[in-house]
Amino acid sequence: MSIFVDENTTVIVQGLTGGQGRFHGLRNRDYGTRVVAGVTPGKGGSDVEGIPVYNTVREAVDATGATASFVVVPPPFAAGAIMEAAEGGITFIVCITEGIPAQDEAVTYNRLVEEFPGVRLLGPNCPGIISPGKCNIGITSGDIALAGGPVGIVSRSGTLTYQALYELSVQGVGQTTCVGIGGDPVPGTNFIDCLSAFEADPETKAVMMIGEIGGSEEERAAEWITHHMTKPVVAYIAGVTAPPGRKMGHAGAIISGSKGTAQAKMAALSAAGVRVCQNPTEAGQAMVDIVASL
Amino acid sequence: MSIFVDENTTVIVQGLTGGQGRFHGLRNRDYGTRVVAGVTPGKGGSDVEGIPVYNTVREAVDATGATASFVVVPPPFAAGAIMEAAEGGITFIVCITEGIPAQDEAVTYNRLVEEFPGVRLLGPNCPGIISPGKCNIGITSGDIALAGGPVGIVSRSGTLTYQALYELSVQGVGQTTCVGIGGDPVPGTNFIDCLSAFEADPETKAVMMIGEIGGSEEERAAEWITHHMTKPVVAYIAGVTAPPGRKMGHAGAIISGSKGTAQAKMAALSAAGVRVCQNPTEAGQAMVDIVASL
Amino acid sequence: MDLFEYQGKQYFARYGIAVSPGGVADTVDEALAVAERVGYPVVVKAQVKVGGRGKAGGVKLAANADEVRTHAGTILGLDIKGHVVRRLWIERASDIAREYYASFTLDRPNKVHLGMLSAQGGVEIETVAQEDPDAIAMLSIDPVRGLDLATARRWVAEAGLDEEARAQAAELLVKLYECYTKGDCDLAEINPLILTTAGTVHALDAKVTLDENASYRHPEWDEFRATETEDPRERRAKEKGLNYIGLDGDVGIIANGAGLAMSTLDVVNQVGGSAANFLDIGGGANADVMAAALELINSDPKVKVIFVNVFGGITRVDEVATGVLEALGRVTITSPIVLRLDGTNAVEGRAILAPHLSDTLITEPTMLDAARRAVAIANA
Amino acid sequence: MDLFEYQGKQYFARYGIAVSPGGVADTVDEALAVAERVGYPVVVKAQVKVGGRGKAGGVKLAANADEVRTHAGTILGLDIKGHVVRRLWIERASDIAREYYASFTLDRPNKVHLGMLSAQGGVEIETVAQEDPDAIAMLSIDPVRGLDLATARRWVAEAGLDEEARAQAAELLVKLYECYTKGDCDLAEINPLILTTAGTVHALDAKVTLDENASYRHPEWDEFRATETEDPRERRAKEKGLNYIGLDGDVGIIANGAGLAMSTLDVVNQVGGSAANFLDIGGGANADVMAAALELINSDPKVKVIFVNVFGGITRVDEVATGVLEALGRVTITSPIVLRLDGTNAVEGRAILAPHLSDTLITEPTMLDAARRAVAIANA
């Protein structure tokens, strides 16, 4: 099994007719994902390499029964696209858009929670989700993933997500699902959501978690793990040597005062029984050992 | 000078035609308070010993220009009476009613703050306010007060308010104003409001503060005193020996865990430079000494 | 007024809050009848107004009639921290997937309502608050606006409740808030609020404190009041309109006003004594009230002396003095009485008492003097 | 983007928030002109994006033209913690009765907006938060609903602002919230927010951080951007679309992705080295980008070795290898380069580089190996 998506997930791409949307949408379809429709206002009736395009999410959902959406539109339109997806009946939304204003993210997140409590948003500004061999929504390269489990991956960092997948795949350790939650100020899905889903997924036997400096999500995850996680977790936190007060790419990756340091996060996770590693390679090796011992 | 009320304050009594309203309303008038009207729905046009009665606060205010109201109606009608006073143009409301449900108090307090930010409520369940020789609204006996200042009194406890007044008066130390704020769950006026007004009143030279166990109002007052009070303050806190977890009369006088103990309050006040005394007599004597040294 | 668990659940049910099916039982047979009705397995729960009943053996799982018989028999009559179990609540056992905590109470410093919600339920919330305060999602609620479903949905997400529980929990919290406000509770607490393995959310326990001031608009509270098991002395006091709390010392206290009564306790303690009670006779101090108060104190075998501390504000001291004399004429008081009468008409009051003063009826000019005298007698 | 105080006040003024009358001055003469216009006494304030300017002598009261001349002359050119003062803000001095604190920011853990209001302003709010957390009234604001006047009125009462300040403060806070949200601020802070002796409430300072992601809808931000004084290397990097932060070590870092770049710093540190910079070249890694990145690192005299750490996800490693070779053909790089190229098409990529490898162009199979090699070269 996998979490959030599987081989039956039907996906629409909001922004399929754009450059990025076309590239990633087709790439996802080539991977085997059931990409059933695109949505671009004003381009309804056309198609992108055989994928029909609709003017609205509602039309696309009515025509195809899709339950997931891949939002790949520029920042000024992203919040609107996410809300349109929820209003149109989509229950799983992946938004890779980077650069959405924080105010828009705050309003969008809370509107979803308040008005559409059954809808999950992944991202924005995340690499997406891949269940190797089943479904790939987002910009992760399918080549570096390996089907068959038994490891779940959840990561706040884009490139380190790929690194984590790669470290496992080259050693022959497959993944059930790899979720990139992104490092934006108001992520729709957080570590705990993913840990909880992995804990409930019978095929996932262990979880690799990639965090980074800033915020307190890793500390909250550690607390959750203490109380609820029975499966082994390996973690790596990027940014041990990052200087305080500087933004390192993500809005999330900034240390304020003594809060959000890699050291604090690593200590919290260690205290929760997580195997904390010093670099991605070490984390990959630790997971290989754990999987071998299962 | 005095705080909140003075010799020009014109007062209506909501509930003047009831037993308590009549007794205290007339007593206040006898003291010299400008009690100009009563309000009792359905009894408009009548009078109580020459004080005209109106059906509504609005009518009474229109007819008399009153700015203060003395609310002395049974608990089921008190919240409504307070709101009617605010809506009718009253800016200072004294409510002595004991036994108003906490839910009503919470709604009433917040409605006043949100809709009538210029209106002050004193009480409920308080003895009222007396500016000796000028104005007495409530149930305090004028006999035990002494005009001429220089001491301001603020108290959460009814009988200890009288005790405090008496301790000073018998020694010839007068009061500018004595405010009983009451011990109910949601008091309209708190210690800080009164301390702040006394600090601003040129005739008040020192303040006596009577607190009791429960809640954290004394601690908050201590914090305020630390930052803003220049005049000497003498305090007495009742309930040093009270057992935790038992209600001692007021809803306020209950100790939960380590919070709200007399010891904590006394320590906070001492740290704020307040002269904290062990009993009302000692507090009175301390104030006599302070006044003598002014 | 604190409710028993079963009463709290009955109260919750009025507001549509889901609880386990169950019933009350005062005997083993009644327990069996409830168990047969709701279906096995059941939980047999002692109904006492004190925490820690589980550890004390007051909560047991019963898989069949035999076990119900055994457990009900054992728990009925059990003494849990001084509370003897007279009644049981028997309910269908739940398959618990997760335990949460939820409560509403008044945030007195901020004068708004405070909702507390935690994904870590089933344990003392004070412990969670100390060890991991971030695990409690605090929600300030403006009493004027109340709690709506949208806000409740945001709140359950913020608290990190499991996703499958969120929709139901949000709806339950809105109902619990309604119970708290319209139901005039000082506290409405569910610990644990559970998610079952079948995916439903309901209240597994109920802790409700009602605001006595609101009883005039809740005739339905009468049945709760009927089961109140108070100290008989405190109940008798309440019937007379007196506010009495029994304590451990030997100086009986009578004072007018809660603040003065507390202050009297303090002063007695300050001069080396220890109070036998807190007793506030309120504003009135006529002969009836004073007689009832003296009689009440006198019935406490610990009491060696009675300290009457009255400050005449509205109350006139001459009336108090007359009341004391009248009371003494009507009841026989075995302990010496020390009076401190001050305030309005104090001179007249003392004059009234003067001819009657003796070794067992003493007046002192100040609170402190009177306390010293009373304590000296008690310690003699 | 952090704003200078005067820019923050200009931004506040757009949303109707009261500030002291004043003006900007880059010279002593301009300072005098502003002072004459707004009226004495004035405050001469250094405009620097760093705290503690008051203690550093960057804020002075001037009662007349002479004093303005003296203070403006002294402050212009003053070095405050490495920030040289180039601009002044001259404003009419206020008679301060009380100082408060107010701010809005995002409460990231709870995903709502957080208002902080305190009657204890004028000092570091972090100090207040530590020493007396109750002195800060925290308000959680649902971004969907925003802040209305009724709630603001409740909030100012809860925070214990002086009564005469409350009505004005509540209105100001609603405007500040509007500035924070519609104005796309990450932070909108007023410290102190003052009550004057004349009874008016206004902002005496302004600390505003704008969310760069929202710049597309704020053409008015261009004037703020014009005054940004960045590290020239960081500015050049930004122009090229690179995310560069200068550090103190000697190992130059080039990586794709912020997480991998941070991780690269960590690994370099772990094996005993120290990074000269953070540099994220993002998803693209063509010749242009790689050339710009190598040139940028090369211009840092501290750098002794360059560590290129690329993981091919979307980016294909063969393209990266080609990019590096093209870049080396276009710019002269003085430091040795250690490359770790992994991921999609890594084999092809390494093959492309193979003929060109030397003592100054080295590949290593893993991140850790490459870090060790780079650090060995730097420490040699």
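We just call them A, B, C and D in the order they show up, numbering each chain from 1.
By our rule, contacts are C-beta pairs under 8 Å (C-beta built on N, C-alpha and C of every residue); 3 or more make two chains touch, one makes a residue touch a chain.
Nothing here was measured: the structure is a model prediction, and the numbers come from that model.
Asker: A-C versus B-C: which has more C-beta pairs touching?
Answerer: B-C
Asker: Determine the centre-to-centre distance between chain C and chain D, using the mean Cα coordinates as centres, and give it in whole Å.
Answerer: From the centre of chain C to the centre of chain D is 55 Å.
Asker: Provide the C-alpha centroid distance between chain B and chain C, rounded to the nearest whole angstrom.
Answerer: A distance of 28 Å separates the two centres.
Asker: How far is the middle of chain B from the middle of chain D, if each middle is the mean of its Cα atoms, in Å?
Answerer: Whole-Å distance between the two chain centres: 51.
Asker: Scan chain B for residues touching two or more other chains and write them down.
Answerer: Correct list: 110, 114, 216, 220.
Asker: If I count partner chains per residue in chain D, which residues reach a count of at least 2?
Answerer: In chain D, residues 109, 111-112, 134, 142, 144, 150-151, 154, 157 touch at least two other chains, as defined above.
Asker: When you draw the chains as points and link the ones that touch, which shape shows up: line, ring, star, complete, or other?
Answerer: Contact map by chain: other.
Asker: Go through the chains and record each pair that touches.
Answerer: A-C, A-D, B-C, B-D, C-D
Asker: Which residues of chain B touch chain C in their complex?
Answerer: 75-76, 99-104, 106-107, 109-111, 114, 127, 139-141, 143-144, 155-163, 166, 183, 185-186, 210, 212-213, 215-217, 220, 236, 238-243, 246, 248-250, 253, 257, 262, 278-281
Asker: So in the complex, the part of chain D that touches chain B is made up of which residues?
Answerer: Where chain D meets chain B, its residues are 119-120, 132, 134-135, 150-151, 153-154, 157, 160, 162-163, 166-167, 170.
Asker: So in the complex, which bits of chain D are touching chain A?
Answerer: Counting only chain D, the residues touching chain A are 106, 108-109, 111-113, 126, 142-144, 181, 184, 186, 211, 213-214, 216-217, 243, 245, 247, 255-263, 265-270, 275, 278, 280, 311-314, 342-344, 366-368.
Asker: Flag every residue of chain C that touches chain D in the complex, lowest number first.
Answerer: Going by the criterion above, the answer is residues 109-112, 134, 137, 139-140, 142, 144, 150-151, 154, 157-158.
Asker: Under the touch definition given earlier, write down the residues of chain B that touch chain D in their complex.
Answerer: Touching chain D from chain B are residues 110, 113-115, 117-118, 192-193, 196, 216, 219-220, 223-224, 227.
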